[in-house]
Structure formats: C-alpha cells, structure tokens
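As structure tokens, here come the structures.
Note that subunit A is present in both complexes that follow, paired respectively with subunit B and with subunit C.
Presenting the complex of A and B:
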C-alpha cells in the first residue's frame, strides 16, 4: 500500500495541474488533505469531525465540487420555481410560436405558453423522478445483487434467473407498454415503472462485483474467523462496494431522468405535465422544426444534459471515496 | 465445461419464462382490441353492435376459451411459427410485417453499436494508458458532458439542422418514395443518405459509455501486480496494455454489451420514431398505440430471444476470458 502511494504521487500532481486549467478556476486548494506526509491526514481529519469525512473526500475532488454546486443550484431553482419564473408555465395568454425576445427569453409554445417559465418549472419533475425512481431501482438492485452474489448455489440460480429476466425484457418498450395502458398518467406512474423495471442492470453489476470480492483473502479469513453471513456481507463486502452503490444510485437517477424524458417524448406521459421531456414532445409536435424555433427545441435538451452531467461529476468524487487511488489531492 | 452446460440449461429455462411472460403481460392490460376496431369503424360515440363485435373477433381470430386453453394454443402456434395476424395491418401476418422491418433495424442499430463498442473500448484503453494526458482529460471531462445529452434530443437537433435548416439530408424514412427499390448504386446511396442522421445520433453518444467504462476499469488493472510483472518482464507497451490490462478491464464491458442490447431496443423506438425509419422500433410503437396484441407480442418475443442469445454468448465469452468465473462454478 505504502509503495503504491509513492508511485502515485507524480501522476496525481500532474492530474491536479491539468484539471485546474480545465474545469474550475478560482477554487483554492483545500488545506485538509494535502498529503506531503501521510501521518498528517488522519490527525487533521479528526480535528475537523464536525464535517463528515466522506463529504470532505468528495468535496476535495474538483469535479465533484462543481457537480455539488450545480446540484444545489438545480435544487434551489426547483424550490423557488414560482419566484424565479416570470410567468405561470400553463398561462396560454401569450401569442403562439413566438421567437425569443425580451418578453419571452426562449419564445412561446404553439399554445402560447412561455418556454422559459416551463423550463424552470420542469426542474422539479426531473429532480423528483431522478431521486425517487433511481432510489427504488437501487434498493431492489442492492438487495438482489448482493444476496445472489454472496450466497451462490441455488439462491444465486433463482435470483440470477430473475435478474436475467429483468435484463432481457427490453426496458423502454416495456415501460411504454405499461405506461401507455395505465389508467393513471403522469410522473407517479412513471417513477414506479422506472423503479420496477430499472433494477436488473445494477443487480447484475453488484452480483458480479461480489463474485470477485468473495474469493479475496480477507473474506476467506473472515469466514475462518467464524463471522456470520450477514456480518461478512455488510461489514466486509458492502464497504468495498459503497462507491459502487452510491455510483449506481446516481447512475440510476440519471437513467430515471432520461427514461422519463424519453417516455414523455414518445407521448405516453400526461400531456399537461410541465417537464423537460414534455417540452421536447410539444416542440417536436408543435412545429418548432418548421417555424425554426431553435430555443424551444434546444433548451430542454441542454437542461437535461446539465442535470445529468452535474450528477456524473458528483460520481467522480464518490468514486474517490472508496478508491483512494482515484483521490485527487 | 460444466459452467457452459449450466449456462445453456439456464438459457432454456429463461426462454420458457420469457415466452410465458410474453403471454401474460399483454393480457393484464385493460382494453379489448375488437371493441377498439368497432369503435374506430363506427365512430367514438355510436353504440356497439354485438353481432359486429362477434364478427370482428372471428375475423381476427382472437383467442377464446379459458386462460389455460389459450396458453396451450399459444405455445402450439409458437412451435409452428404461427404468430398471428396483425390487427392494424389486417390481413397481413405479423411475421410479414416484422420481416419487412427487421433488416432495417438490424442494419442500422446493430452496425452502429458494434462499431461504437469496438471504437469505445480502444479509445478507453488508450485514455487509461495515457492517463493524465490531454486526450485523457478530454475523455473524462469533455466526452462525459457530450454523453449526457439526451439521445432523442441529439436526433432532433441533427434533424433540425441538417434536414430542416440546411436541407442537405432527407427528413425521415428509410428510402425515397420515388426510388425504384431495386438493388442498384442509386438505391444504396439513397438508403445511406437516409440512414446517415439516425446512425450519427446513435454514434455520437453510443461509444461514450464504453470509453468511460474501459478507462476506469483499466486504470485499476494497470495497477495490478500482473501488469507490473509484464512491464518488468520488458514486454512491449502495446502488449502490456492490450493483452494484460485491457483483457481484464474489458470483462465488465462484455457483459455490459449484452445487457445494453435491451437499452438499444429502447433507443430503436426513439430514433425510429423521430426519423420515421421503417424498422421494428417504429412498428412496435405503432402496435402499442393501436393495441395490436399479436404484433406487439411478437416484436417483444423476437427482442427477448435475441437478447437471451446475446447474454448466453456474453456468459460464454466471459467464461473463456476469465478462468476465475469458469472454475468458481465447479
């Protein structure tokens, strides 16, 4: 371990340089995790107990810091949407299909709604769908994947069977089918459909991760020491999969946000929902292509990309959490 | 060997369950297709004539009897390759419709995804090998932003710019209406022109997942002892990179590729809807919209069987590449 750290120092310093030039500009180097001497780190971390250590590790990663700030920005926009939006997103009293001007920064829809106000309100839908849909999928994936991977034998056979089943049923067509026929429309049913159909991928990844972890020496020694199955799974294996779990939660949230947009774009959502996917649907079906309203078409996609990349940036920091080799300090 | 036999038995069992699920899922959905057709013929608010309803049912061959009888009939028909008649495109059998569309989808989507997979893994391996280079920074920061752009949005923007604004490429479809549809250079060129935008919208984001996955895995495997040993032995750098590090780093991507075929079918529905491409994705979407049970079921079944085969293949490939998995089963 010690030799590895010494080997790492040079490239890591290089990485620090390139990233400073590339992404963030005026963020000063945090003094906490500057490991010229390895012994200093735990002392200072102990002194700063009021800030959780995991947060420090994530925060010390520049990419993740940008991601966290962006996420905070999106959350604030979602909370204060009614204050920030210049008009009501459902107000149809403006002229239809206007190009962007000083009154309507992104123009108006073919029904005469303000596109910019819809964009702001749409943040709410995406954040909620991402948090809940991704959460549901991750919980199911974690339980099934870990149990299958560790238990092996007949339990693994049965659970893998369900994982494979979940994998081979094509997700989006299945979601389209269920959502299209559901008597209730709107984000709630979409969250449920995403959560219940989107877990198989994560479960398979976690299963294969456990499969390679459980033959490691420290697991064998824990088994010889007489530790129970639950203790081994949660105390020995789970900490090694923590980043993978948080990573897959954030990935599942990204997937959920994308799936919601896709479903609504295909027209199986509630047409009165204010969301970025529905905006794309109306832009595509409301003649934005023919009238040349680029802003109406471009804005929701960039918003979706921004929220997705902010989550991915956070993932870089989470990766560093359980894998010290990826830390940037 | 035991590992491979088990995987194959597993494949058969999953196949049976998938076939059965495919029987159950459409029957859980509310709504009666025969009633729909009568309504469409007669107008929304007219009362439905029971005799007409019965006639339509007989005409479509909508299965009767109790659920077990229906299941036996369904299996029997599957074994004989009888997938039924489409409700929307009556009287064409669904196999004819799928036969017309499957090559479009396979040609477009499978080709682009295989290109994307190979290119993505090579680029990812290169980024990891040249870690902290400008190329690597571009991959880990720049590409990850491009990868977040929604799939259908890229397709829409490409369509908006190249078909509507610049009018360089066709607005949709798989071929020109005026084309002869005979094998010729002109027809091939026409197909290429129509496939360019859909292919581009898949290839812009498609490889990014593989690049990132490969890069991150290989950053790990480059630190493993066997890689150091290979370097210490004085092997050529490309040998170390490809035969030692990349060989282990590619494992998650191989299983990932088989799994991603499920996502690809989702992408097919989106991209084919946007470009009005005459493939299975658009056919499926039409089938769902029209409650065309036989068509919907058959497309789902074809997709499921295709993906089962891909997963079986991935299990075999991982078994060949990774002795730990193969021997762990014995």
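Presenting the complex of A and C:
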C-alpha cells in the first residue's frame, strides 16, 4: 500500500499536468492519509527539471524509449523525404523491373520508378493517415462515449444503440464498400472512411470510463458548484482520463495505418498515391513475386510492421502513465 | 528470548526518479509470546510499513536497509523465500484492512480454508471440516456459513472469516493491520472484543496496527507509538492512560473524551508530520510540540526507559531525571503537558442565538422498491422523519451505516425525492424542484464531503476549484472571483492565501484539503450546509481542528448545518440538537446534551458504548481548563499556517 502511495505522491509538474493527473485518478484513491511533500523543496526541484513528468515516465520505460526513437526517425524521414530520396517517386525514366543495385537500392517498379524513393515518400502518407484517421476516430469516440456515459438514461440508450451498431457491423467490408463507391479517391477519403468506421470500440471504452468517474465525489462537488454538463464532462472528467485517451488514440492510429495499407492493397485507393499500401498493390500486380523482385514487396511490408510496432512500444510507456505499478523504477 | 525482536530496523522507499523516503528509522522493540501489543500512529507514520517489513511483505521500491527482525531467534531479513513461505501462516499470519476482499469470490468459504489447511497441515478431510466449523464458531459465525460464497456475507462477517483464516493453523503471532477500519462502529466493537477473548483463550501474540489510539488502548496490554517513522513511546496500556510520557501520545489522547460527561473537550495537534525524504536530525515532533525546548530542535532524543515505559523525548527525560534526583513528584504523575483544545464551553454554542427556521422537513418517508422475479420487495430507508434546520444552529443526525442518514441528506439537496412528506425551504417545496430549480436551489444548500481526497478534482488548482462556484452563483468575473478566493481561503484558515491558491489538492494534507472543501461549500454564501461525516476520514489528531472551524463558520455566518455522523462524541461537541436514526426511524430527538447524557433508547446507548472510553486521571483534565481559553485565541489567530 505504501509503495503505491509513494508512487502517487510525485510532485507534478505544471507543464505535464494534464497527462500526469490522469495517472493520479486511474488508481484507487489512497484510503489512508499520507503526509504530503513539504512545500518548499519539491518546488525547487521542479524548477531545476525541464522535462515534463509524463515524458519522464514514458522515457524511463525501455520499450517506449525504443518506440519513441523509431517514431522520431519516421517523422524525420517524412519531413525530409525530398532531401533523402535520391529520385522523384513518380519519375518513370528508369528501366522497368530492375533488381536492386547501386543506382536503385531496392530496384525499380514495373513502371520504372525507384522503389527506395517511393518507400521514403510513402512514410508521409502512413503518418498522416495514422494521425488524422486515428484522431478522427478518437474524437468521435470521445464525444459519443462521454456524453452517453455522463448523461445516462435515454440519451445513453440511444447512443449506446449506435455504438453497438458500430461494433457489430463488420468494419472491413464496410470500409471496402464505402471506399470503392466514393466518387473521389485518395488518402482523404480513406481517412474519413477509417474515422467513421473505427470509433465504436473506443466509444464503448470511454463510456465505461466515464461511468466509473462520474460517481466520484468531485463530480458531485462540481454539480454543487453549479457547473454545467458540458463543463463537467470536458473540464472535470476528461483530464482525468487523458492518459487512457492517448492510449486509445495510439491504438486507433495503428488501426488506421493498417486499414489504409489494407484498403490500398485491395485496390480501392487512388492509384497515383505514393504510399506503402499502394506499393504493395503495384508490387502484387506487377508480379514482383514472379520476377523475383523481393525488395519491392518486402520493403513496404517491413516499413509498415516497423511503424505499427513503434506505436505499440510507445503504448507500453503510456500504459505506465495510467497505471503507476507498471513503471520501471 | 522474546517471540519477536526488531532491532535498529530501517525501511526506505528508494526509486531512481525521486529522493528516497525514509519510512521507518531505527526502530527497536520486542514482542513476547501471548502478548497483545498495539502499534499506533498517524497516517504516514510508517506503522503499516513496519508491519509489512516484519512479515517481509514489503513491495518494491520499499526495502529493509538496515537492522534485523528475529522471530524465535531466527533472522527473518536474510531467510530464503522458501523457508519464509513455510513459516508464513503456520508461525505468523496477518489480517489487513482489505482482507475481507482477499476472499476468492468464486469459491465457498469452506474451500478457502481447505486450501490453506491442506497445504500446511496433515489433517484428513473430515478433520479439516470439523476444524473449519470450530474456527468459524470461534469468530462467532455459525458453521453452516461455510457453504456460502463470500458475497453472501456482510463486510463484518467477511472480516471475521479473514480473521478465522489467519488463525487456522494456530500461529504464534498475528499481525493485524487496521482490521476493523471501514466497518460499522458497532461491528468494529464486536470484532475487537471477540479478538481479545480469543487471544486470551489461545495465547497467541498480536501486533495490532491502528490509527485509532482509543480502540488500541481498550484491547492491548502494551502500546507502541510511532511518529514520522520513529518509535516515540513504548509503554504499558494502564501507564499510558494515566500519564502518557511523550507529548505526541498526550496529544493523541486528547482526541478522546467521554461524550456523556458534564463538560466535554477534545484537543488537536496543530501542524503536520515532517517530510520523510529528509531525515530529521532533531526530534521530528518538535515543530508541532507545545512543550518543545531548544534542545528538541537540535538533538534527536533516544528511546530511553522512564516511568514504567520508554519514550524518546528530551522534555520527558529531563522531568524524569529531575524526579529521580529530587523525588519531588510521584511516578504516577508523569510529565505535564499542554495542548490546543476544542470544547463545548469554548465553542460558539454558548452564544445562545435564536435561529430562525431555514428548512423544514415534514413527515418525510422514502421507500425503495426492488423487483426480484415476480415479487416486489420494498425497503423503507426513511420513515416519517420531521425536523427543521435553524440558522446558526447545528442539527446532528446520528446513526450507523444504513440508518438512512445519507438518504435524508440527498432528499434535502434535491438529488432524491421523498416518497411522501414535504421539504420546505422558505416558500419553496424542495421535493418538487426540477432542472433549473435545483440549480438555483443549490446556491443555498451546499455539501461538505466525507472524503477530502476524492472531493477535490486532482487536475485543478485550488484557485480554479474555488472560482467555479463564485462565477456560477455569484456572477463574478474572473478577477473578482480571484480576489474572493483569497478571502475564502483566509476564512477557512489557509493563510497566506497566495501560497495555497496555486496548489493542487494532492499537495495539501488531509486537514488542509478538508478546509478547501469547506471553503468551496462556503463560496456561494449558502443558507444551509450539509456536512456528511466531515471528519471521519481525517487523522484523529486533527479532527477537533476541523470541528472548531465548522463551529466558528456556522455561528458567525448564521448558516444552518446538518451534521451527519456515526460518532456521538463529535455530535455532542458540535450540535445543538441531535436526532438518532435507526433503520430510518428517528428513535431519539432533543437537545444534544440531554440525548447523550440521558439516552432513553437502547440504540442510542449501544452507539454510546461503541465509543472508546478512556479513564483519564484528573491532572490531565486539569491541565486543559486554564489553558483552553488562551490556546483557542492563539489558534484562531493563526489557524493553519503550519510552519
């Protein structure tokens, strides 16, 4: 018991407030009063450290550290793609279906584009789709889940009906159908499709979180203080479940990256997009397996695996934020 | 050789990221076979850590960094885990506060006993069965209950099953860590009584860890007192009652009084325990100690024998030495000590205000209906209750859990509607209010929560928390509200306000948090405050402080208060009128003093008996009276600024 309390009594940092606070409430309140930190000393210590507490917690987790470094690598690659890539990804001036050599590290495509350059530019699409698709799904999940959980009664019944509907409708066929029949093609429509089909699980998750938080005394206290419903939901409850929200955002981003690659591989994407999914699609269509161009097929596959794993690894660190017992001391 | 010997034990919680916390420092004590010893201290004093260290149940990052623990001469700190496992339960066992939740919910009570007994004894199945029956009878549970699942038993019964489990293999030592905290007062009393009888019959040794000195003194032979990780007193119970040696023990004892006495007074210890990340080089209690002399702030006192026990206190030691040389005082007398106090006489009750009626509860009943299959059962939570709240007056609502106290509070605040009867707030029918009406009504009725740890949102600063009601009800703008927040903080004694407004709730101590909760309730300038067990989660040593604050505010601001509690002592001190509630019925109602001094109902008498009665010698009481008035004035002037 004392152990846990000790973990909880960290001097929290101003910058890191929101996230770390989620931690404080994610575990049961200490039942017995503990002496608090003395007023003077932690404040001095606080001034000395510049890294926010939440980052320190994630960074101290070895798996998350690896994940963060990898993610930083991918982000840098995406930003400096035009510098890093040796050729333009759409340049078709090279010989078709070349094997890897010193000119083209990963060979060329059937149409004569450089595979390595495509791989580098494809990072952009995956990261953007992950960030936006995951973000859209998380925002929809947050609003629906939190309102359903907090309001209860008939509002909850109706919203829960839609959540359940979203859960039972098979997502992949739905995504394929919507993406295939949409008048425009491209990453934007894929982000929308992913966002609109992928929120249900997150909504259910947040609804149950709110159900446990809304009976806390401080919520009743806010009601007595005259705060309105929206304010209570977003200012009193949301900050307390922020680390869990981040957790589900990362999961949603992983799902979005995977779904995007999947949809494009199935051929419902815009054929002119430069992305890992599209590379896989063309590699498959171009008979990479038959011509023995292993690098064309393996490289985007490995890149996808690497980016989803790095997000997974970061999730371990975020887990430690919401559950102090998982922290590596 | 003693059964358990603890020598120079140090326990430290050390993590990479923050400074190590020296939770237990240089603790020495012995426990003899068959002895019943209490271990008392405020929260954070290291008492539970010490208990876990003895059992080697410390979780990382907690570690024993020095010293030794010997059980029957065998060193436990270096014993391999497997050997330790053999000893656990057979030689020593434990019951925690949460032990009742450690029962496996999917197996029957009998199977939980069988698990332990099959593993650690050679009894046959039928012998085990008989023994389980015996064990259950020992803790006053009918053996037929062994076929039940844990959820079919009440909390008190589960805790008794946990106790029976701990005793299943006849251990020589049982460590009980807050075994009855959180249970109903009457149940607590029964379990402790039961435990004491069992211990006398079977002769096992007990180390009872508790924050509640009163309970411990009632059952123990000897009491150890810990403060800030150090052992400050080790004395036999009868001696401690007559003359507590250490000023801290004296302060703790001050929180107890006989509610049925002519004059009731309880005291508190101002200030808070030190930060244990820095080892105090002097007496850790010196900053809070009313007796402290310069030496106390310079050198650390040793735990030395004096009178009939041991204590670590320079002042007591000097008095003891003087006595040894001069023989001027009898050993019965003990040291003379002072403290801050709250009594009925010093409370503002004496002002005799004639309060006007603010809220009238008329023949209110509340029935809950539950449908199980085709049957509907109804439960009367509240039955035909009438009373009124008057401005500047406190009405005490007393009863054990399940007596309907909270239901009444919820009906008054408009969160629940009575089945019949009416609640009048002036000309408003509270029980007919809806939506916007309730919102407006809540400006007038505010709530002080039981648990200051969950009543303040951990993500907001104190300033934000206090600004909300001001902006919502007072229609102030942010700048005005900020100004008002400072006034509020000063009203509840959190001075200087600038220091507190930027803090988060977790940076404050329990008592300070409860003051913030009170300030928040005061913010809309309400007519009624409902205080639901406002002191039951606080450390014993600071309870009187919060009572004093509530008392002052209610009388000065002419607020009508409904004080909900199970504790007749605090009800006697704070309330003008008391209602005793039993299963939804008001069984007794009248002026506080009359109800408690001449109870006519059996149930009131039961509640009265549940209060630890400490026979205090006259000189302790005598030392209060002359100091009560000046101390109080001083406390009012600088209520909470601790340092």
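Everything that follows uses one rule, which is that the second predicted complex is superposed on the first by the 247 of 329 C-alpha atoms of A that agree within 3 Å, B and C clash if a C-alpha of one lies under 4 Å from a C-alpha of the other, contacts with A are read in each partner's own complex, and residues count from 1 in each chain.
Just so we're on the same page, a contact is a pair of C-beta atoms (placed from the backbone, for glycine too) under 8 Å apart; a residue touches a chain by one contact, two chains touch by 3 or more.
Owing to the predicted nature of the structure, the values given are computational and were not obtained by experimental measurement.
Peer 1: What is the contact status of A:220 with respect to subunit B (first) and subunit C (second): first, second, both, or neither?
Peer 2: second
Peer 1: First (subunit B), second (subunit C), both or neither: which does A:309 touch?
Peer 2: first
Peer 1: Determine, for the superposed model, which of the two partners subunit B and subunit C contacts more residues of subunit A.
Peer 2: Partner touching more subunit A residues in the overlay: B.
Peer 1: Could you say whether A:161 touches subunit B, subunit C, both of them, or neither, answering first, second, both or neither?
Peer 2: In the superposed model, A:161 contacts subunit B only, not subunit C.
Peer 1: Taking the superposition as given, does A:300 touch the first partner, subunit B, the second, subunit C, both, or neither?
Peer 2: So A:300 only meets subunit B here.
Peer 1: Determine, under the contact definition given at the top, whether A:292 touches first (subunit B), second (subunit C), both, or neither.
Peer 2: first
Peer 1: Give me the intersection of subunit A's contacts with subunit B and its contacts with subunit C, in residue numbers.
Peer 2: 4, 11, 18
Peer 1: Applying the document's contact rule, which stretches of subunit B touch subunit A when the two form their complex?
Peer 2: 10, 13-14, 17-18, 21, 25-26, 29-31, 131-132, 134, 137, 140-141, 144-145, 147-154, 156-157, 159-160, 164-165, 216, 219-220, 223, 252, 255, 259, 262-263, 265-267, 269-270, 273-274, 284-285, 288-289, 296, 299-300, 303-304, 307-308, 311, 324-325, 328
Peer 1: For subunit A, which residues count as touching subunit B in their complex?
Peer 2: 4, 11, 14-15, 18-19, 22-23, 63, 157, 160-161, 164-165, 167-174, 176-177, 180-181, 183, 201, 204-205, 208, 211-212, 215, 254, 258, 261-262, 265-266, 280, 283-284, 288-290, 292, 294, 297-298, 300-302, 304-306, 308-309, 312, 316, 319, 323, 325-326
Peer 1: Quick one: in the complex, what on subunit C touches subunit A?
Peer 2: 13, 15-18, 21, 23, 42-44, 48-49, 52, 58-62, 97, 178, 182, 211, 228, 272-278, 413, 439, 442-443, 446-447, 449-451, 453-460, 465, 468-469, 472-473, 499, 504, 506-510, 517, 520-521, 523-524, 537-539, 643
Peer 1: Contact residues on subunit A for subunit C in the complex?
Peer 2: Contacts found on subunit A: 1-4, 6, 8-12, 17-18, 21, 24-25, 29-39, 41, 56, 60, 216-218, 220-227, 235-236, 239-240, 329.
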